[in-house]
Every structure is written in structure tokens, then in C-alpha cells.
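In what follows, chain A forms one complex with chain B and a second complex with chain C.
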Partner chain A sequence: MANTAPTTEQPATGFLQSEGMRAFLKFLKDNGTLVALIALMFIFSLWDEAFFTPRNLTNLARQTTIVGIIAVGMTLVIIINGIDLSVGSIVGLAAIVVTLLMQSGVNIWAAILITLLLTGVLIGLWNALWIAHYNIPPFIITLGMMTIARGIALTLSDGGSVPVTDPVFGEIGGGFFSVMVSTIMVLLIFAYLLFSQYRDLKQKQQYGVTVKQQELITTGVVTLLAGAIVLYAFSYRGLPYPVAIFAVIAFIGSFTLQHTKFGRRIYAMGGNEEAARLSGISIKRMKIAIYCIITTLSALAGIMLASRLNGASPNLGNMFELDAISAVIIGGTSFSGGVGTIIGTVIGAFIISVLNNGMSLLEVPTFYQLIIKGGIIILAVWFDVLSKKKRG
Partner chain B sequence: MNMSKLLFLTMRGRSAIVRILGLSLLLAATLLFQPAAPAKEQGIKIGFLLKTMQEERYQTDKAEFTARAEALGAQVLFDSSGNSELTQLGQFEKMLDEGAQVIVLQPVNTGLAGALVRLANSKGVKVIGYDSMVVNGPLDLMVMQDSWAVGQLQSEAMVKWFQQNRGKVEGKVALIMGQPGDSNAQAMSQGVLNTIQQNSGLQLIAQISHVDWSPDRSAETASNLLVQHKNGVDAFICNNSGLASGVIAALDLEKLADAKKVFVAGADADLKNIQYLVQGKQAVDVWKAIKPLAHKAAEIAVEIAKNPSKSLESIAREASQSGLRFAMTDNGFTKVPTVITPVTLITKDNVDSTLIAAQIFSKAQIYGGNQ
Partner chain C sequence: MGEVVLEMKNIIKDFPGVRALNDVNFEARSGELLALMGENGAGKSTLMKVLSGVWPYPSYQGDIYLRGELKRFYNTKEAEAAGIAIIYQELNLIPDLTVAENIFLDRQMTNAFGAINWGKLFAETQRLLDELNITDFKPTDKVKDLTVGKQQLVEIAKALSKKADVLVFDEPTSALTDKEVAALFEIIRKLKRQGVCMSYISHKMEELQQIADRVVVLRDGKTIGDVTPIAEITLDQLISRMVGRDVKDMFPKGQFQRGEKVLEVKNFDIDNPDLPGQKKVKNACFCAYKGEILGISGLMGSGRTELVSGIFGAPPGPAHGEIYLDDKLVRFRSPHAAIEHGIGLVTEDRKRIGLILGQSIIQNMMISSLETVTNVLGIINQAKERNLAQDYVKRLSIKTPGLDVKIDTLSGGNQQKVILAKWLNIKPKVLILDEPTRGIDVGAKVEIYNLLNKLVEEGVTVIIISSELPEVMGISDRILVMCEGEIVAELTREQATKELIMAYATGSQK
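Right, the complex of A and B next:
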């Protein structure tokens, strides 16, 4: 399977001569993170035969979801030039709150809703109050909230772990759609993606925009390749619920950012907050919304983690803020704001978990893993700076 | 050397504002609490300094130690350091200033805490190590649980499990370790490794540390190992219960969370793991009773304060008489008289006679509503 990645692109370069080559190089430059992801997966597949098996790819997807969901929210925050360091602690707090609520006899759906409201929306509002209303740097406020939320989690749980006995709750993080249902769902989604690419093409032709054939071919091939890998991976036991939840959240995030007024405003704020304010965008309201979105997504991630582990301990989610920020930055979102996509972040999140999973399969010692991960984050930021220099 | 390094760090690390803030908070606290504190000016003062309160067990450490020491007529100065060396240094100095005659210390950094002991000794104050051994530095006396025995109990139970469930002691074992560099994690793991070495049929397939003792990381490790060995892992031995529950979560997905199919051992006896024991998902856990540890430390501290000229080794020997183990432990710098409290292997058969009998958990908590 992995071999299809390079071979499908090879004939395109040979057959289309120098122009094709140029398009191919441009594709490499524009989609550096995607190429890195494919290359990493290819290398690990060669290195360890267990890597490119449906079962391991399913695991890999599941291992990506928790940090991935937080990273979707973090993308919005970083695009508007903000940061949220409290997300990891909120994961721990939400896990404790939802399990304690269920332990005291609250119905699971009510417990989930209350947790999302209390540890998600409410903490988001609190963060946003200081950031938007009192103009305190988000770094400081969320750093404070990082300690506060962890402290509350420790207080509520008395420092100990909280077990879960409800079997339904475990399904959220551990269940699967059957292989049949997943196959149909995946086919429909990728058919839609191909269709929308075709529709874009038609639209562009209507307006007389010239379309490069090579670009079309590459995006088409990448979509088909992704679809094939997804189908292959989920032939193991089907689509895991948490992965489905992650996919829906990533899709909504991406759609909002690209196709809605709200999304346009986010980019405008990130590009130049003062100009955005002068053009009539309510900066305050936007910030409140965005800081609530990220804390609510973190609370959801915490609930899913508690479900996966069938219980919670107050130290869950420690350092997740760094993993989420790394995913966003590796995915090409600029730390100086205004630039970034959810797709990039999703790819970034997958790069991190491919690294974690692959190095773990290859039995790279924990200490080396930390060094390698840090090095890759630095490389990604360096790439970001380089490409900006070229543009400017 | 170490001391000057620590001092240098404090000087650099704390700005003047933080110091003033800290001092004023301290002042406010003393003003608030002074009237309430009983006047035991002439009595014995003992310092009890824990590295953190971030785990369930430390509530018990604090309560039992204080109760025992106060029953023996001593006043306890308690503090916990939030896992920060610098905080601990400040708290330790404060205890010395407040006139503690003996300090019972659980070091945050086992490698640097020798400097604290040196500081105390220079003022004629004795230091008893608690739970975690000070390494490569001086220490007057040590009270600890048998970490090495934890690993030994776990792995002996595993050997027995292999005999009963597989007919022979042959298979793949994964060692799921805690925080890298933690001296207790190392001692527990050593106990396991010894047993594996003695049984040539056992193959150690992984020996992996987990930052923060994180259960979600141990779940990932276990998933990956199961993939790599095509579900052919026979036993997981974990340095604590949280790590074990992560492993159980990963096994659950493969329908392997069954104590007859895969052996899982934890240590700490968290409620969740005891539930797994009685549900038949986890094979064994180890209970490290806190009460004997805390009581013994309090008794020895009072004894030292009352008889400052008595030899520490004979105090430790006398304290170990009733069912405890005595050893002279080499910590890389000196031989430390050590009092070792026992640990207990928990299976689903002895839950009632151990944890429930000692009122650690209630029957309803463990067996839930269906019994």
C-alpha cells in the first residue's frame, strides 16, 4: 500500500517533462507537511512490518484524536495571534468532573452536558473576560488557568483516580462503527470530496480562470490515496467513534474557517487586529467565541479520554497544550497570526502521532523520542520562517 | 557543592516581588493561625516535609503521621513542596528556623537532597528519609516501604500465574515503568528483572518508562506492543496502578482484559484496580499500607528527639523488631540505617481480608451495586 505514494507520482513527472516537474516541485513546496507525513509513513512501513497494518493504522488514528480535537481549537486561537495554555489541565478537570458526576448517579448524557458547560464554556468565558475585556495577554491568563484547573481537578478528586462502571460511557472512546457502515460512510465522504473538486473546476472554467492540469491531478491523486488508506485502515474493525467525532469537528472547523463570515473575520483579526476593528468587526465578541470554542473542545477531549481509560485521574492531559501547539505549528499555522488551516493542523497532529507510534514500535528509548520530537518542531518553525522570507 | 548550587538557583529564581509577597503571606498566615495553635513551647517539635500532596495516598501520610506524633506528645510542623526542589529548600530552611529538632523528609529530588541533610546536620538537627531514599548524600536514618519487594511479589505472582494458566513458565513479559529516574520505580523494576533473569523461559520484550506515570501513555504503549507482537504478550508488570489501568484499557479493546488470558500487575491498590481484580480483568495488585510507614516514621522521630545522644543504628534496629525489616542501605555515599515496612500482594481472593478489613475501601465501593 505504502508503495503507491511515490509510484503514482513518478509517471506524472516523466510524462509531462519539465513543466510537470515544476508543478511537482511547487506541490512539494506548498504541501511540505503532507509530503513529510507521507514520507514518514513510508519510512516507518519499510522499517517495521507491523506499522502499515490496518490494526496499527486504526490505533494510530485513535491515538491522534484527543490531541487532534484540541489542536483544531488551538488553530483558531493561534490564527488570531492568541494562545491557550490551559487546555491540558482542562482535559484533566473535565475527565474528573464527568466521572465524579456519573459516580454520584447523574445520567451519562446529562453528566457530559454539564461537564461541557462547566469546564468548557464557563472556563472559556472566564479566560475571554480577562483577555477581551481587560486586555490581559492570553499567555498570562491561560497560564494561570492551567494551574487553577489542575488544582481544582486535584481538589475534587482528592488526588486519586475516579473509576467508571457505566458500560455505555466506555463506548464513546472505545466503540466502532461496523466495517460495512464505515465503508459506506468513507466512500460517501470521498465521493463528495472528489465531486466538490470537480465543481470548483467547473466554476473556475466558467469564470475563465486558467486551471493547471498538474495541480488537478495531484489533488485528485492525493484524495484517492487518502481514501484508499482510510478504507484499508478501517477494514480492521471499522471506524472508531472517537475518530468519527474528530473528523466531524475537523470538518466543521475547516468549513467555518474557509466558507463563513466568522472564518473570514478570524483571518482578518489575525492579519491586523486594529484594521479588523476599524472595519467593524467586534473583536471582543470574536475573542469570547474563540476562547470558548477551544475550552469546550478541550473538555470534550477530556471526556473522551476518561471514556477510553474507563476512569480519570487528575494528572490526565499533562503537557497536552504543547502537543496541540506543536500540531498547529507543524501544520503550517504561523505564530505571528493570520495564516493557517485546519487541514494543515490535522496533518500536523498525524505527523506527531505517526512519530510517537513509529518510534514506539521501533523501540526507540523514551529519552531519544523527546529529543527527536523537539527537533522536528524546531524544523517546522524554521520552515515557516523560511517560506515567509521568500514571500516577503 | 550541591548546596551552593541550590542557593544560587533560589537567588536567581525568585524575584524581589515574589519574596515580598511570600513574606507578607507568611506573616498574614502566622498572625491568623497563632492564637489557634496550642502552646507547646517546651515540647518536641518535628518537621514533616512531603514532596507533594498530588496523590490520594498523601492525605493518609499526613493524617497518620500527625496523629501518631501528637499522641506521643510532639508538635508537627507540616508542609508539602508541590514537586519543586526550590520550594522544598525554602520550606526546609523555615522548619530549621522554627526550631524543628528532627525533620522527616520525602525528597523531591533524591539526588540533590543530601544538601538539605548537610544543612540540618550543621545545626545539630537529624534528618529521617521518608519513602524515597536520598542518594549520593548524607542521611541519618531511612524509613521506607519495600519497593524492591513490590517488584518481587508481582513477578513471583506472575511465575505462579504462568504455571497455573499455561502449564509452564514461558512467554513474553512487558515491564511498564513509571517516571524515568524515580528511585522507587527503579527499585520496583529491579525486583521484576531479577525474577525474569532466574526464569529462562521468560522473555522481556519491553522495558519502557512513562513520564508523569501517565495512564494514557501506558495505554498507547500497550496498544503498540499488542500490534507488534500480534496480541502475543503474556504479561504486563506495571510500576503503579494508574499505569496498569491504562494497560487494561488497551487490552479491553482487543477483548483481552481477562486475568486468565493476560497477566497484569499493578501497585498502589487504587480503587479502580481493585474493581478490576474482582471483575477478573486484572490478576494482582500490591498494597503499600501507608499507616505502618507513617506511624513508624513518627515514632522514630520522637525517639530521636527524646534521646539525641543514642546511636541511630540501634534506634533503627529497635524500631524494626515487630515484623519490619532492618538493613544498612548503601546509598552511594554512606550506609544508612533503614527501617523497611512490608507490602502486601492483593488478589481477588484476599481483598476482603486486607483492604476491606483495614477499611481502606468499603464492600460497596469495590463490588458496586450488584452484590
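Right, the complex of A and C next:
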């Protein structure tokens, strides 16, 4: 090995020197999903010039939000070794309920709140009752709820679709912040991200954790790159409301997992449920909370979808559970529990929508799209298993 | 004296942060029983895992010779094929299958269509049992209906059916009744006559004097002295080889003033969920005081673990009875409630239900007391958390490269210290420890004893379960002895002798 100098605080002298190169390669290895996302975007951009346009990127971001919001909740569920298959049907049910409520003259915001409570919290409580109290495997319970919720949606709507007339409701899923406001917001957010990376470094140094400067530069560069792409994308019409909602939810989710009592307990439960119980974690309460969070997020996703489409059909959200689970798994959350991040899931969700969007642009027939998507999910899990084996 | 069958030379095995085996040398001969002695954590189990291919070549250093031939096992199958069989403490039988199916698991005689030839299977098993003079059970009995002792015989029959000629017993009698032990010894004697080479891991001196031919001692991963015929060594010599130091230094004992009653357990029962009508704990009554260490002794399966789990709000079956904490009647429906009242439990099975493997030291350390480092919104104050964790690392001298490394990478002793830190941070009133020094090196043990003494001085009530008599006698102020779910004796430090405790624990004295 050419350079075995100790790790801290060396001025980076040229990025292509061995140390920098190695940090870069390590970054590639540790951030496989991010690299895959960038590579995919790059390939599609070369292939079809319509891909890397502000208009298409804006669309792509909007398409990601619905499944992305569900996937944030799904991350928590999968970390604790659970699963929720009912999310797709809840999207359909929530869309029907909120539109029907408005049709019957209920105020928009009241309709949204009632929908969140009825199709989100209430169904979550029901699922959790069986899972946490009667110890029925979540796969079975939520499989049942998947059919039940779809059935209720079909019954309520009589199998037909429900239109929305109120223009304000359409704004939730279809509106934009102006380009000016979006630019300021994006700049502020990315400035904060860079600042927090710097602060983390300072803290880590304070605790004696060694940090490679080159690694830091790499993360900094990636952050700047992401910021640039986001600014470019939203130069089309600005930041879409649903994307902003997704960003806020993802941020809260990520912060909760990394920096709160609740998050620590989730990881502990996923790592070893019995040890967690004997450490004083109330497993039941945790499960109730988590299964309510995911159903509520799914209900929110359903409301947003109804808003974007200006109407609802009972079949909305069909197979969304699979996309959400795929996003979580591609994002590196382990099916054996205890491991996973929201940022990984967000990247996973974007990979799925880049694939969907790119393949549609290239006019890949839908049938092939399904095959390719399935293959990629298998690849991602194989990669996960492989990297775990290596770690021993 | 038979020929040398098994020889292990200069065996060294490292784990992250600890050298488990450090130059082990011995040889075992055919037709003899070689006793392998040593305290818990001396490296006996690791040695057996090297021999059986669980730790494959080249994860260790040194050579294994079988009948003079250098052997390198890359997996357990190869070791098995070479004729090595290990009968572990924890039996590896499938409860719902018959004796015959267990013995010939994966090797059942089949006909041309791959269907099992049941007649032949049972006949062959019966022949094997006859050979061993086993008449207590039939090939068609289900394993789950047999006692642990009989299950052990099934394991032996299984090993012999594989034509094993090197048999290793890992503490085989720890869960057996006297009668079952006698039956086992009868079979061992028979195997000796047949020329089988056997090794026997145990702490029980009396047993070894009955059955062993030669003895070798393992301490801190090293073989101490040569292989010695059992007739040529005294008990004291054996103990000094095993402990390597004066027992007094091994168990530092603080002098405390016993304070007020903290915990009182009255008429505490735990039903056995698997066997209706039976009880895991019967009518337990005892008190624990401030400023004392209360020891609980008893054989494996005597209900010790169940009793303390029950107090901690995690009983293995429905529990009845009364628990008073500071003279107030309490009822813990979950460990969560027990912890809120200041009770901590260091569990027996560290890997399975103690640690959260795959997660960091700081995550493991803080998981029971996150309230101490969070604000009202439940947000963790990282600086505060790290400082607190760092304090524990220093105070308990936990050897670790950092707070963020996975707990898996630490040695057993350091893992246990992290768990102790976890419980110290709940500021316990009563700290219960179930076999806290199992699988821990001697140095860390002494540190843990010192820590317990200090806790008692600070006013914590400590209850400790231990299978090791010197340990429980060395550090307790009072000792409860359990037998078959009942507390059969309460002995003061002065009254307690090994013989007396064993007599109560085995039920021979009531």
C-alpha cells in the first residue's frame, strides 16, 4: 500500500492522488444505490434528450412523491421486521373517502382530517391490534386489510370514480411554489445540509472519531451536485407542493430515526426484539405507533393522489405496496431488521421512478418494464446479502 | 494405556480484542477418559469448536493430529467424517421426531424410491441401543417425551452410529439426576472397554475422580501443566492449576452494613405454560436488603432464572404472588414497569436476549435509559449522550476502539461491561444479575465483582445468580438455594459450604 498515513487532517493536495482516489472508490462502494441512481440518470440523459429537462425532472419528482411518502413509513415497518401490504389499498380508499366527503359538502380541510383519521389512524390501530396484541404475523393481517380496504373503496364508490370540483383541493397535489421562492428555499436547505455536514465533522473530531478529509469532500461534492440538479429541475415551474410535503416527511422521518428516543427504539427492536423488551422498551406501544404511522402516511398519499388527478377511482394505488417495499429494499434497509435509513429509501424511491419515467420516455413496452423492475429488485437484495457476507 | 489418538499442538485462537486460546497442548488416548478442566471462560468451548471444525482451518493457529496424521477441518462435516463427535451441553435434537429419526437424521435408510424404510430404521436403532444397554426408551419414542438425561443418551447413540471414535462431552451431567449420571457413567465405562477415546469437560471434581483416567487443566486459554493421571494429583493441586491464584483475591469482598428491607417476594408462583398443572417456581418467599449481595444458587433448570424473570415482569408463564418494593405492593406487567421502579436484570443468555448485535456500543448502552439524554420532544442530546457513555467506558474500563463500533466486535467481558453500564444508567435500586460472569475471562470477572461491591456500598441491592459455587460463596452475604422450583435453603455466608449447597441443590438434603 502506497500511503498508510494516519487518517485525520491532511490537506488534500489534488484529488486524483491515491488517497483521494481511494476515498472516492470507498464512497462508490458504500453508496451503491446513490451511484446507481446517478448512473441511471446519466444513461437516460444520453439516450433521450427529453429526459434531463426541467420539465421532465419536475414530473419525475412529482411521480416519486406518492410512493416515496409511503416508503418512508415502510422503512420504519421493515426495520422492525414487519411488513404492511395494505398501503396500496389504503391509498385507494383514502382517495375515495376524501373525494366523497367533499362531494357531500364537507369542508376540504375537515375532509382531509377525517380521511386521515378514518383510513389512516383507525386502520393502523386495527392492524396493530392484531399484530401487537394477538401476535398474528403482520404479513397475514395486512394481506387481509389489503383486500378489505380495496373492497370498502369499491363499495363506497359503487365501483365508479368520484370527480373533484374544488380547485383548492387540486392545488395540494398539483400546485407549485414560485421559482423565486423555490430557489431561495432550495438554497437555504442545501446550505443547511453543507453546514450540518461540517458540524458533524467538528463533533466527530471532538469525540476522537477519525474522518478522512477526502470522504468529506466527496459528500460535499455530491451535495452540491444534488443541489444543482434540484435548482435546474425546479427552474421549470418551481417546487411542486407534493414534493415539498414529501421532503418535509422524509426529513422528519430521517431525523426521528437518527436523533430521537423513538428512532433508537425502532432500531433496537429490529435488531433484537426480545433484548429490546427486556431493556424496557414497550414493544406493543411501539408497534401500534409504527403501524399507525405507515397507514396515516398512506392515507395522506391517497389524498395527494386524488388531488393531483382531480378525482378518485377505487383502483388507485394498486400495487403501490410493491413499489414502496422495493424502494425500501433498494435503499439498503435489511429484510432481517435493525438496519436501514430514510435517505436510502428516498434514493430507492427515485431509482424506481427514474426507471419508470426513463423507460416510458424510451417507449419500452410496459410488459418489459415490469420484468426489468423485478430484476433490479432481485439485484438489490442480492447486493445486500453479498455485502453482509463480506462483513462477516 | 492405549495409543495416542488425538493430539492438539500449540493451538492459538484469536477473537477481536481477546485471545481465547493461547498455546494449548494435550493428547488423548484410546480407551481412556481425559478430563478437560477449567473455569468458565478458560477456553474449553472454544477449544472444542476448533476440534469440531466450527472454527475451521485456518481461523486458528496450531496443529491437530488424529492417529498421528495432521488434520485440517474446513467445516464440521469433515471433522465428523474423521470420527470426532461432540456432545454439547445444549442438545441438538429435534423434539418432535422419534429417537430413531434423530439418530439417523439425514442418513435414514431409504428404498429405491427415496422413501424411508421404517422397519430397517427402527431395527438398526434398536441394535444400537442394545449395544449400549439402553432399555429406558424405544426407537419409536418421541424425543420430547424423554428426560434431558435420556436425550443425552440419544446424542451418544447418534455419535456412535456415525462410527465416532473420539467423543467429547461438554459438561454432560449439569442437568442430570443422580440416577441418570450413574447410567451415563456405566455407558462411558463400556465405551472405554471398546477402546473409544473420550474427553470430558466438567468442573465437578467428585465426578471426575469416579470416571476420568487423566486430567488436563485449561486456564486463560492455556494448558497449565501436563496431562496428569488423576490418581497422581490432589484436589488442591488441581484447584491451584485452575484458578492460578488465591481464591481470596479472586473474590474480593467488601464489608457492608445491612440496611432496610428493599424487596420482598411472597408466595410467588410461576406456572409452566407447557405442562398444565406444573410450576416452574413454587411458593417462593424471600427478602433482599439494602447493602447486601444476595446469591441464588441451584442446578440448571431449578427455576432460578424463571424466578428473577418473574420479578422483573417477564415470567415464562402466568405468575401469581406478591412483590413488595420498599414495603409497597407492586405488580410489574412488563420489564418496562420494573425498570421504571428501579429494577434491572442482566440476563443469562447475553447473545440471544441481552445484546442487540449489529448495533453500536453507545446504542446498546443507552437503550434502557434514553430519558436521561433526551429533551421533552424525545430528541437525543448527542453531546450529553456521548459524554455519559464515555464516562462509563472509563469507569468500567471497557476496552473498545470507540463508542460507535459494533458490540459484536468486543470480547465477552467487555460486552458484559457494556450491559452493566446500561443497567447502571437506570440508577437501579435493585440490580439482578443472572450468571453475569459466564464466558468471561478471569480478569474481567474480578473487575465485575469489584463493581458489584461498590454498588452495594452506594446502596444498591444486588441479587446474583451463579452456577459456580466458589463465585456465589465468595461474593454473597446470603445464599438462597433452589431445587426444582423451590427455595429450599437460606444460608448465611458463614454457614455455606460447597457440600451443603450441593446437598440442597440436588435435593438430597431438605
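We adopt the following convention: the second predicted complex is superposed on the first by the 375 of 392 C-alpha atoms of A that agree within 3 Å, B and C clash if a C-alpha of one lies under 4 Å from a C-alpha of the other, contacts with A are read in each partner's own complex, and residues count from 1 in each chain.
Here is the rule we go by: contacts are C-beta pairs under 8 Å (C-beta built on N, C-alpha and C of every residue); 3 or more make two chains touch, one makes a residue touch a chain.
Everything numeric in this text was worked out from a predicted model, so none of it was measured.
Aligning the two structures on chain A places chain B and chain C next to each other without any clash.
Once chain A of one complex is fitted onto chain A of the other, the partner contacts of A:274 are limited to chain C, with no touch recorded for chain B.
Once the two complexes are overlaid on the shared chain, A:264 sits against chain C while remaining clear of chain B. Touch counts on chain A: comparing chain C and chain B, the chain ahead is B. Of the two partner chains, chain C is the only one that A:338 touches; chain B does not reach it. Between the C-alpha centres of chain B and chain C, as viewed from that of chain A, the superposed structures give an angle of 120°, to the nearest 10. When the shared chain is aligned, no partner comes close enough to touch A:196: not chain B, not chain C. Using the contact criterion defined above for the overlaid structures, shared-chain residue A:282 touches chain C, although it does not reach chain B. Per the superposed model, the minimal spacing between any CA atom of chain B and any CA atom of chain C is 23 Å. The interface of chain A with chain B does not overlap its interface with chain C at any residue.
By the touch criterion stated above, chain C contacts chain A in their complex at residues 312, 314, 334-336, 338-340, 345, 347, 352-359, 363, 366-368, 370-371, 374, 377-380, 382-383, 386, 390, 402-404, 422, 426. By the touch criterion stated above, chain A contacts chain B in their complex at residues 48, 50, 53, 55-56, 59, 63, 66, 154, 157-163, 165, 170, 174, 305, 308-311, 313-316, 318-319, 356-357, 360-361, 363, 366-367. Note for the complex: chain B touches chain A at residues 53-59, 180, 206, 208-216, 219-221, 223-224, 227-228, 241-242, 245-246, 248-249, 252-253, 270-272, 275, 368. Those residues of chain A lying in contact with chain C across their complex are 203, 207-209, 259-262, 264-265, 267-268, 271-272, 274-282, 338-339.
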